[in-house]
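For reference, the structures are reproduced in the following blocks.
Two complexes follow with subunit A in common, the first pairing it with subunit B and the second with subunit C.
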Partner chain A sequence: MKQTLRPANLAKRILMSEYFVLYLTIVYLIVLTPIIPRLWHPMNIQNVLSNMWPLLVVAIGQTFVLILAGIDLSQTSVMAMSSVVGAVVMTSSADPVLFTKSPLWGTLLTDQGGLMASSPFALPVGIAVMLAVGLAIGFLNGFSVAIFRMPPFIVTLVSMMLFSAMAIFLTKSENIRHLPDSYLQISKTTFSVVSGSLVIAIVLAVIAHMVLTRTLFGKRLYAVGINTTASQISGVPTRKTIIAAYMVSGLCAAIAAILYSSRLEMGRPTLGSTLFIDIVGANIIGGISLAGGKGKVTWTIFGVFFFIILANSLNMLNLSFYIIDMVKGSVILVAALLDVARNRIRKAQM
Partner chain B sequence: MAEVVFAYKNITKRFFGVHALNNVSFELERGKILGLVGENGAGKSTLMNILGGVLQPDEGEMFLSGEPYVPESPLDATCAGIEFIHQELNLFTNLSVAENISISSFPCIRRTPFIHRRAMQDSSRKLLQSLNLDISPNILVENLSPGERQLVEIAKALSTNADILLFDEPTTSLTANETENLFAIMRRLRDEGKSIIYISHILSDVQELVDDIVVLRDGQVMGGGPIADFPIHRMINLMVGREIDNVFPDRIPSIKDRVILSCEHVSETGMVRDINLSVREGEIVGMFGLMGSGRTEFARMLFGIDPYKEGSIVVDGEPLPKHNPQESIKRGLAFITENRREEGLLMDYPILENIGLVSLPDYSAAVTRLVDSKRLFKRADEVASSLRLKCNDLKNQKVKSLSGGNQQKVVIGKWLLKDPSLLIMDEPTRGIDVGAKYEVYLIMERLASEGTGILFISSEIEELMAMCDRIVVWSQGEVMREFRREDFSQERIMRIAFRQDIDYDMEEKVVVNGNE
Partner chain C sequence: MKKGIVLFVVLCLLVPTLLFSAGKKESDQITIAFCFQDLETEFWVAGHKAITESLRENGIRVIEKNANEDANRQLEQVKDVITQGVDGIIIIPQDGESAVTIAKTANAAGVPIGIFNRPPSDKSAKNLVVVANNEVIAEAAVEHMAQEAMKLGRKVYPAIMVGDLGDPNAVGRRQGFMNVMAKYPELWAAPPVEIPTKWDANVALANLQSAMQANPKIDFLFTSSDFLFPVIKSVLAPLNKWVKINNPNHVILGGLDGDVTAAQLLEEGYLDATGVQNLFYEADVMLEAMLAAIKAGDKTPDKWMDDPGFALTQANLATRAEEMWGWVLYKEKK
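Here is the complex of A and B:
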C-alpha cells in the first residue's frame, strides 16, 4: 500500500487515469490565470464556449468513426455543403449582383430568396435539409467503405474534395445571408453562457454517450472496431454498422454546421475548411485511438475542452496564427506520444 | 564416427503454462538428412523457431559443432549458417529471381550504394544452374510456378553458404516431378556435406528421403534413429499413441432421429469437392484430416462466412441461405473457430462483452435498442458458472488475461447463450491443457445429451475416437470414408487421412501418385 504514495507511482496513476486530459486542462488554467487574467472575463468565456459547442458536436461524430478504426476527412465538406444548402432553402433574399452566376439562380435561388423564403416552415425545413445532406454524404462514405471495401482515408478524402468544391460551385464562393431570425436565435447567448448551441451540444453528447455505452449499435461498433472478423462470425452485421457510423459522423457535422452558420448568420461555402485538424486533434488529445476499438464521449469532451482552451489562451497571448498552429501541432504530437507511452505501461502491467 | 553438426539438449518450452516442448534432445550429423515427424501441434514448429532464433527456450541448450549456440534473432541463425525453406514461401513476388536471391546482401559497385547488377545476376545464374533450374535471373518471381519458386528459395538459402538447411513441408505445392527433382537436389546437397532437417506429413516421402528420423508427440521425442528401423506403421504408432488414461469422459450415445443438418454435393473450386454430410440431434460427428484437407473451409461455408458454388445445405428441413452468418445464427448454428484469438474473441475487451456479443439483439429493447445489461449479465453469469469459467470479474476482466482453456470457455459460452441446435467446433482443444480439454469434452457430452448436434473438427485422433458417434475422414478437399463408432480404428483412420490406404509398401504409393 505504501508504494502507491511514492511520487513516481502517483505520476503513473495520473498518467494512466481516464481523466488525465481534464487534470491537465485544469492545471493549465491555474497556471495561466495569473498570466492572462482576461481569460476569465465574461466576454472571453462566452467566446470560448461559442467556439466549443460546434467543435464538440462535430468531434463526437468523428469519435464514432475512429472507434471503428476508420477516419472521416469529409466532415468539413459536409459542414460546408449543409451550411450552403440550408441557407439556400431558408434565405429570404439574395443579391442578384452576387448570385446570377450561381447554377441555382432562377430556380432554387432568386432575389426573393430560397424555396422556403419567409415561410413559417423555413426553419424546420431548412434544418431537415441540412441534416439530410449530412446523412447522405455519410451514407455515401459508409457505403463505399463497407460494401466496396475501399480504404476510409481515400473515400473520405475524395468526398471532402468533391463536396467542398461543390459548395463553392453552388454559390460561386459567395456567402448567403438573410437567414430567418428564428435560425439565428439558436446560437444567441443569454447570461454569457446559456444558448441553444449549449443545449444542443450537451443533449447530443448525452445521447452519443448512451448510444455508445448502452445500445446494441454502440456495443457492435466497438466490437467491429477491435476485431471485424470475430464480429462478423459472431453475427454482427458489420457492413450496416460501418455505414451507420459514417452516417452518424455526417449527421454530427451537419448539426455543427447549423450551430456555426447560425452564429455567423450566413451560409458559408468555406465553412469548416480549416477545422479538420481541430476535430481529429481534439479526439487524439482526448485519447481516442486511431487504431480503433477505443474511445468514449467523455474523452472527446476533455479533448475538445483542452484544445479550445489552448487555442484561446494562445490567441490572448497575441501570438500569430502560424505560431498558434505550430503549438497546436506539437500538442497533438505529444498527445499521440503519450498514448503510445500509456499503452506501453499498460502492457508492462499485464 | 560421424560428426555432430547440431544438437538440441534438454530443450523445454512452455506457452502460457502449457508444455510445447518437454526435454527434447536429438542430434543432427554432418552429411545426413534428418526427418522430423509428428502430428499437428507436436512441437515441430516450436523446435524450428527455437533453432531459428525466433523463440528462446525456457530450459536447455543447443550446440553448433560442439559450441554453445544461443541465437537471439533470426539474423543470428543466418550468421551461424542455418537457413530455412518454409512451407509458405518467403519470396518477394514483385522482385526478380536474382534480387530475391541476393536480398540479404546485395553486391555493390565498389563502395557506392549502387547495386552491381552484373555480379548479382552471375552469382544467381550459377546457383540456379546448380539446382537444374533453367530460368533467367531477371524474371519476376510472380511469373514462376510453385516448384520453381521453391527452388529459388533454396538458391537463396544456398547463397549464404548455409551449412544446415531446414525444409518445412517443402512439397505441399509441388507436382510429383518437381518433388522428385527436389529430392534429387536434397540428396546431392547432402552428399556435398550439407546437413538437412526435413519436416513432412507425407510419411512415404520421409521414408524415401531421410537417413535418420525423430518422432515427436506432445512436445516429447518418442523415438529416433536410422530410418531403416522405422517403417511407416511404427512412425504412426509413435506419433499418435497415448498412454494416459481418463483423459476423456464416458460417452453415452444420445442420438435422436431428427436430422439437424444435411449437406448435399457441396463443392467449391480448389476447396472442397462433393461433400455429403448429415448430423442428427444429439450426435457428435468428428471430422478428421490433415491440415489443409478442407475441413475448416467446409465449416466456414456451412456457417456462411465463405461462399460455395454448388450443392445445398439444409438445416432442420429448410434450406440454409448461402454466405450469411447472421441467418445461420438465427437458424441455430454456432461456430467455434480454430483460432480463438483472431476470430473468436475480442481479446482487449472484458469477458462480459465477449460472452454477450452474439446474443446482444436478444437483450436489446425493440425501439431504443438499449441493451438490458442486468438481464444479460445474469444469463452470462449462469453460463459462465455452468462452464466453470475461472475468472474474477465478468464485467471488467479482459479476456486476454485468462488462460487458454478459460478463453475457450468464453468462446463456447458466447454461443451457449443462443442455445444452438448445431455446434461446429474447429479444434476446440488446441493449445489448452489436459484439464481444460477434459472440461471441454464434458461440455460436449452434456450438450449432446441435451440434443445439440455437434460437428467436431480435430487433428487429434484420440479425442475424436473418444467423443464421436461417427468420424468423417477428409483428405485434399474430399470426404474419403465415414466410420461408425463400432468400426473406429486409429490406424485405418490415419492411413486413409494420409492416403496410405492401399498398403504400407512404397511401390504401391508410387502407383497411386501416378494415377492422379
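Here is the complex of A and C:
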C-alpha cells in the first residue's frame, strides 16, 4: 500500500533517502544565492570544483577503510611523503643553500635536480614512484591491522607520525620546486572547468563505485565491515581484504598528493597536514558510517561537495577563520548525530 | 523518480546561475584582501594590526583571511577573494615558494598583489614586495654582540638559532650572522653551532636544550627571531645562564624583529641587541604602492621595497628605542 505523504512521513523519507545530503546541499545553495551573489560566478564555480577534486580523491580512499570499520589517519603523511619523493625524482634543480643538509643531497638530489631531472620519463617515473609510496605505506598499515590485529587507530596514527617526520627529515623541511611543466598542467584548468584533476577524480570515482558495487572484493569489504568474525567463518579472506583496503586508501592519498602538489607547483613535506578533518568530515557528512559496513562512493561525492560548498560559502561570507572552523566542526557533529538517528529509524523499521 | 531528481537538481543549479552569474561589485569603495598565514607571534600580530589599521584609516574595505599555516588553504582563500572582485591583495605567505604560486594566480586574474615581509623565493611572478633587509639588520645586531664579546678579552662559543630556511628571511638572517663570524675569526673558540627552529617554539626548545647539553660552553647566542626569547629563558635559567649583562655567567644575547619581549629584555638588561624591522614603515609603503597601482589601473605592479631597519642595542637604547615598534607597544602596555 502506498504510504501517504504526511509532513512527518515526508521528513522521515527525506532523512532516510540516499540523496539526503544532496537535497541539503541544494537547499543550502538556494538559501545562500541571494546572500552571496557571486556564489554562481563562473570563477567561483571553477574554484569550488578545483578545490573539490583532490579532496574527493583522498576521501574515496578513506571510504574504503571506513566501510571496513577502520580509519586511516596516515593519509596526510602519505600525501606528504609522496609529494616529496615524487618531487625528488622530477625536479630539474635544487638550491644548495636549502638542501645541502638533506640526507638526499649529493645522491638523489643535486643542484642539477633529481634522479630523472630533465629526462622525458621524469613525469611517468615520478608519478609511478608517488603511487608506489602510497601503496607501500597502505600495505604496511593493512598488514599491521590484519596480521598483528593491531587497532587501526594506533597503527595509522604511528604511520602518520613516522612518515610525516620522515618527509620533513628527507627535505629538512624545505619545499621542492622546479617540477616539470607537464606535471604542473595536471591541475591547470582548460575550457573553464575541465582539468586533469577533474578527469582523474571522476575516473577514480567511477572505478571505486564499480569496485564497491560490482566486484567480489567490494562485497567482502562490506561483509568484513559488518562482522569480521562472521565473514571469516563464512570463508571471506579477511586479512587480504583488510590489506587491500588500506592499500587503496594509500593509493588514493598518493593520487591526491599528485593533484595538490601539482596545484601548488611543489613537493611539500607538510602537504595535507591540516586536511584530515576535511577528509573524515566529508565522509561523515556523506553518511559513511564510522561503525563500518555502510557507505557508497556517491555518498562520499555528496559529502565532499557539501563540505567544499560549505567552506567556500563561509569564505565568501568573509567570516573569521575561527568561526569557519567552528561551523565546520558543528556541521560534522550534526552529520554524525544524523547518522545515529537514521540508524535508529532503520532498526525501528525492521 | 530518479529522472525527476536529476531534473530537479539541474533546475536548482541552472536557475540561480542565470539569475546571479553577472554579480557586480557592491560599491565603488576600494576593497583589499589581507591574507595572512597565521598570527602566532607578536611580530605577526603587530604586522596584522599595522596593515589593517592603515587600510581602514584610508577608508578601504578590508577582507581578512587566516590560512592557519596551510599553503593550500591560503591559495584557495586567495582564489576566493579574487572571485569576490577585490581591487588588491596583500599576503603574508606561509613561505617563499608558496608566495610565488599565489602571486602567479593573482597575476593571471589581473589583481595586484603585495607580499608583506616574507619575500617570494624567486622573481618569476610580478608583485609588490616589502621586506626588511634581513642580512644587514642581523649583521648590525651581531656586530654589537661581537664588540661586547671582545671586551671579555677571551674567545667565545657562538651559536645561532636558525629559522626555517625555506623562508628567505631566515636565510638572510643566518647570512648576516655568518658575515660577522667571518669578520672576526680570532674571536670564536669553535665554529658556530646552528640550532634549527623551523620557526616553531617546540622545535626550538628541544633543539636548544640538546645544543646546550652538547655544547655547555655556548656564551654567545643569536636567535633569528625575538619570539624565541621565552624559549631561551626556559633553557638558560636552569643552567644559571639567564642573568643580566654584567654577570659573569651572562650569555651574550641578540635577536631580530624588535618585538615587545625584546623591548622588555633590553630595558631589564638581559638582552644585548636586537635587529629591528620597521613594521609601521613597511605597512605604509605597501599601502602607498598598492593604492598607486590600483589608481593607475596597473594589474601586475612589480616593485621591491626595502625596509633598511637598524639594530637597537644597549649602546643606543636611550636615543633610538622609540623607533622600535615593540618598544612603542611595550610602553603602551606599561
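Quick note on the criterion: the second predicted complex is superposed on the first by the 347 of 350 C-alpha atoms of A that agree within 3 Å, B and C clash if a C-alpha of one lies under 4 Å from a C-alpha of the other, contacts with A are read in each partner's own complex, and residues count from 1 in each chain.
Just so we're on the same page, contacts are C-beta pairs under 8 Å (C-beta built on N, C-alpha and C of every residue); 3 or more make two chains touch, one makes a residue touch a chain.
Being a predicted model, the structure only gives us computed values, none of them experimental.
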{"item": "Room on subunit A for both subunit B and subunit C (clash or fit)", "value": "fit"}
{"item": "Subunit A residues touched - subunit C or subunit B, whichever exceeds", "value": "C"}
{"item": "First, second, both or neither for A:M43, with subunit B first and subunit C second", "value": "second"}
{"item": "Where the C-alpha centre of subunit A sits as vertex, the angle toward subunit B and subunit C in the overlay (nearest 10 degrees)", "value": "130"}
{"item": "First (subunit B), second (subunit C), both or neither touched by A:A132", "value": "neither"}
{"item": "First, second, both or neither for A:G293, with subunit B first and subunit C second", "value": "first"}
{"item": "Touching partner for A:S234 - first (subunit B), second (subunit C), both, neither", "value": "first"}
{"item": "Which of subunit B and subunit C A:K172 touches, first, second, both or neither", "value": "second"}
{"item": "Which of subunit B and subunit C A:V97 touches, first, second, both or neither", "value": "second"}
{"item": "Partner chain in contact with A:R220 - subunit B first, subunit C second, else both or neither", "value": "first"}
{"item": "After superposition on chain A, the shortest CA separation from subunit B to subunit C (Å)", "value": "18"}
{"item": "Complex interface listing, subunit A residues touching subunit C", "value": "19, 22, 26, 29-30, 33, 37-44, 47, 50-51, 97-98, 172-175, 177, 260, 263-266, 268, 270-275, 311-312, 315-316, 318, 320-322"}
{"item": "Residues on subunit B engaged by subunit A in the complex (per definition of touch)", "value": "303, 305, 325-326, 329, 335, 337, 342-349, 353, 356-358, 360-361, 364, 368-371, 373, 400-401, 414"}
{"item": "For the subunit A and subunit B complex, residues of the former touching the latter", "value": "210, 214-217, 219-220, 222-223, 226-227, 229-237, 293, 350"}
{"item": "Contact footprint of subunit A on subunit C as seen in their complex", "value": "5, 8-9, 12-13, 16-17, 19-21, 23-24, 63-73, 75-77, 79-80, 82-85, 95, 97-98, 100-101, 109, 121, 164-166, 171, 196, 198"}
